[in-house]
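Common to both upcoming complexes is chain A, partnered first by chain B, then by chain C.
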Partner chain A sequence: MQVFIAQILNGLSIGSVYVLLVTGFNLLLLVAMIIHFSYPQVVVFSMYIIWLVLKMTNNNLLLGILAGVSSAVLFNFISAPLFQKIMKNREEVDINATMVLSMAIGWIITDVLSHAFNNGLPIQFPEEITGSRPLFRIGLISILPGQVWALSIGIIVVSGFFILLYKTKAGRAFRAIAEDPAGARLVGIPLVKTGFQSYALSGVLGGLTAVLLAMLFHSASPGLGEQVSHKVLAVSIVAGLGNLTGGLVVGLALGILEALVQGYISGNWSNAIAFVVMLIVIMVKPKGLFGMKV
Partner chain B sequence: MPLSLYYYLSITAVNILMSWALYVPYRMTQLHFITIANMMISGYLAGYLVLHVHVPFVCALLIGFVVGGIIGYVVSLFIGDAPTFAVVIVGFTFIYITRTIVENLSIVGGTMGMFGLPNIGGNPVAHRWIILGILYGLVVLCGFLIYRFDHSSIGRAASAIFVDKELASSLGIDIKKLGMLVQTFSCTLAGGVGVLYGFIYKSFHLDFFGFALIGVYMTVLFVGGYSTQWGPLIAAPILYGVPLFFPPAVQSWRIVIYGVMLILVLVLKPEGFITRKSVYSIGLALSRKREKVIRS
Partner chain C sequence: MELNRTLVDEKKTPMLRVEELSVSYGQIHALEKVSIEVYPHEIVVLIGANGAGKTTLLSSILGVKAPTSGNVFFEGKKIDRVPVDRNVREGICLVPEGRGVFASMSVLDNLLLGAHHNLVNKDKNLARVYEWFPILKKRKDQVAKTLSGGERQMLAIARALMSAPKLIMVDEPSIGLAPIIVNDIFDILVMLNKEGYTVLLSEQNAFKALKCAHRGYVLETGTIALSGTSSLLLNDPGVKAAYLGA
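So, the complex of A and B:
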């Protein structure tokens, strides 16, 4: 029973990170109308920036976090015109072309990380960000600072995001574009400006996720982004592309499933089993469990 | 034949064939990355059969094609008409699952890989010529089949689906059936190419089938041009060959170079360098020249 509780706690913390990633991914899909496949790779890039800044500033946590968040926002802003140009070229929304473009961005990020940072070796985050000891421990159940941060920040950020989406004028604009871009333009919502706002917001979400991943994983490697990006796309499809509530449920479920597999099955099978489950769902219900919103 | 030339020619042929394996399903907007997993499955299976069960290479190669085709057919029953992103993620999940299984299977060498595959034809020189012969034979055969497909009513139906799925459906095109056909073809091809890919190096290793392969084949397809089969055929030798002339320090950034090229092409020349229009213009010019020669 102790193993079960410990793994559920682990699963909830990693699941909340998946939720943040899927939320940022879906925001870009709904408002900017792109499949930003490499969004998690941008997040891993931010993790590397955090590591670099911590190293250069003698582990100044505030500067590290600021650098992580601003690098994700900056990266999103730099890539935004490329996506816009593709849309303009084709004179219509073509999410498939944006996915291919995003994949190319992802390969570049992964290859740059494996060549230019730490000689391609995995990076280790210092204790200042990961926390040195568990906050509490009963038998096999131990709660690490990273888990508490991931869960609490995850809940706060996702709640804040839903409030923004459903209770503010900007949120209404986001939803209007997601529902009907042509109609939104007719009623005077600036599509490009709102699209850029979604890039900024997803950048902030990505930067915060990078900090949480650093706290949870304590390390990162160039291949991490690829693995997470495949999971995020899979979660998003299983939930129903663009479905925010579905993303929340499936993201948490994936985290718990992975943690339980790690707890009960020996060997490196957790990713494969998670992918098998998602594969079955996708093959049986390609439009997702909660329905597509795009 | 120098070893470097052998590797260049054989990998170029593999790149052409695998880009075609992506090209055919992309005719109806499906990016079918399961082909990479199929290369791995058929390749390792054939390697095991040749090395441990002493099955002749030709039989192992045929088994590779058949296994690839069966997997492609079974999967296509579910995702024959699925949207692009669903097909993409099914491909990625298959790659992950296959990699994890291979990693944990000691009979195929696990993370260490499978080494010591025999020379086909008894000696290294014969081995190289046989591999090249089979690969380029396949290029000719597949080139012909894809040409016939492109110029048939099925090819036109695929083009209609590419332009507008709803419209194609209302015209009576069976999207699922066509999806199943193209997916099964591409998986069959990938299965056989996977076997040959391992036998080029006489070994199999998980690193041969990494996600970077998808990057290479996608770049060949999109930079060459995804709207005609000639795009990958022309782009593959150039894209693989040109970086070989770069200094080693630059060569190691090959994936970054491919990524930048792909982005530039998507933004500046969305259909790639060889488009249907350019093929049509060249064809027209050639036929006019021929007419002129006949008249004179």
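So, the complex of A and C:
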């Protein structure tokens, strides 16, 4: 029972990272109309920026977090014109071309991280951000402060996102474009401007996810982005491409599934088992558990 | 016809002037040197068969499709090649063919989308729209896909009104609606016109449209074949044969 509770908590905290990543990915898909499956690479890039700033400022947490969030926003803004350019040249949205661009961005980041930071060795985050001593330990359960932080930040950010989506002017425009881009344009929603708002918002989500990842994983390597991006793409497809609520449920479910496998079977098998389960789901429901939104 | 005479007196400057507008989709010429004018407080109808270019003309005026040649002026300002959202802000709006209602969003959200550029006045405009369309107030928290065809058309018109437009363009409002509902929709357009809105309407249902419009243009394969006051068009033998089933 103690293992179970511990692993559920672990699963929820890593699941909240998946939820944030899938939400950012889906937002870009729905509003900016791009398939940016290298989005997790951008997030890992922000993790490196956080690490660098922590090192330079003698572990000033606030500055590290600010740098992480702003680097992700900045990175999204730099890549946005590239995406817009290939779509405008085709007159209509061509989502396939955006995948090649996303792939290129992903590989450039991976290569830069392997050569320009820490000689390509994995980076270690300081105890200031991860927390060193467990908050408490009962039998087998030990909870690190980083986990508690990650889970609470995850809950706050995800609920904030959904409030924004359903209660604000920008969120209303996001939903309208997601449902019918041509119709949204006819009622006077500016597509490019709203698209840029979605880049900014997914940047904020990505930067905060980088902070969460640093708290949970304590380290990062250049290949981390690629590993995570496979899972994020799989989660979004299993949930139903572009389905935000679906991504929320499936992201948390994947986190819990992985944690339970690690707790009861073996950590070495968690990826394979997770993907086998997702394979079965997608064979039974090819359009995803919750249905596609695009 | 007294109404028409007062309108002629008011005809100083047109609100909308389309000058020799040509639009093509690749090799296909959808519009060929089309010129129309709409004066303030008029209801003008575009009549034509499927594929005559009515929808293309309305969406080109809004700025969806850039013309290959020709000009569009709204209140004296050149507006072709101006982005759609700017034109909406300036007071042109389109109620699209097939309503274009956002089915998964609530009625209220749909209305607020219309007010995207005009949220400051949203309470005033909502109150007015609810007064004209009480059914929408009753259904404001319902998802739009639960509405009937007629209610959706009302929602689409109400959403357009939320942007505080000067010119309302309505594309084929009668399509797919029962005749009794079509009458309601035309009554609404006449009522809006009396409230001061200028209406540009496209319709295949020529008889009913001409009955409520002041003037009309007949579009045939991308060109204006005929134009004139509604009574003139209603009595034209060619129009009678082609569009009125007489």
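General remarks:
The rule is short, and it goes like this: the second predicted complex is superposed on the first by the 291 of 294 C-alpha atoms of A that agree within 3 Å, B and C clash if a C-alpha of one lies under 4 Å from a C-alpha of the other, contacts with A are read in each partner's own complex, and residues count from 1 in each chain.
One rule holds for everything that comes next: a residue touches a chain if its C-beta (ideal position, glycine included) is under 8 Å from a C-beta of that chain, and two chains touch if they have at least 3 such contacts.
In this text the structure is predicted, and so the values were computed from the model without any measurement.
Bringing the complexes onto one copy of chain A puts chain B beside chain C with no clash. When chain B and chain C are set side by side, the one touching more residues of chain A is B.
Panel annotation: after superposition on the shared chain A, the angle at the CA centre of chain A between chain B and chain C (CA centres) reads 90 degrees, nearest 10.
In the superposition on chain A, no contact is made by A:62 with either chain B or chain C. Contacts of A:111 after superposition: chain B is touched, whereas chain C is not reached.
Once the two complexes are laid over each other on the shared chain, residue contacts for A:99 go to chain B alone; chain C is not touched. Looking at the shared chain after the overlay, A:282 reaches chain B, while chain C stays out of its contact range.
Touch criterion met: A:173 reaches chain C, while chain B stays clear of it.
Applying the stated contact rule after C-alpha superposition, one finds that A:1 touches neither chain B nor chain C. Here's the short version: in the overlay, chain B gets within 16 Å of chain C at its closest Cα pair. No residue of chain A lies at the contact with chain B in one complex and also at the contact with chain C in the other. Taken in their complex, chain A has these residues touching chain C: 169, 172-173, 175-176, 179-180, 183-190, 193. For chain B in complex with chain A, the touching residues are 29, 31, 75, 78-79, 82-86, 88-90, 92-94, 96-97, 100-101, 103-104, 211-212, 214-215, 218, 222, 252-253, 255-256, 258-260, 262-263, 266-267, 270.
Considering their complex, residues 59, 62, 64, 83-85, 87-89, 93-94, 96, 100, 102-105, 109, 112-114, 116-117, 119, 159-160, 163 of chain C touch chain A. Interface residues of chain A facing chain B in the complex, by the touch rule stated above, are 35, 82, 85-86, 89-90, 95-97, 99-101, 103-105, 107-108, 110-112, 115, 226-227, 230, 233-234, 237, 241, 267-269, 271-272, 275-276, 278-279, 282-284, 286-287.
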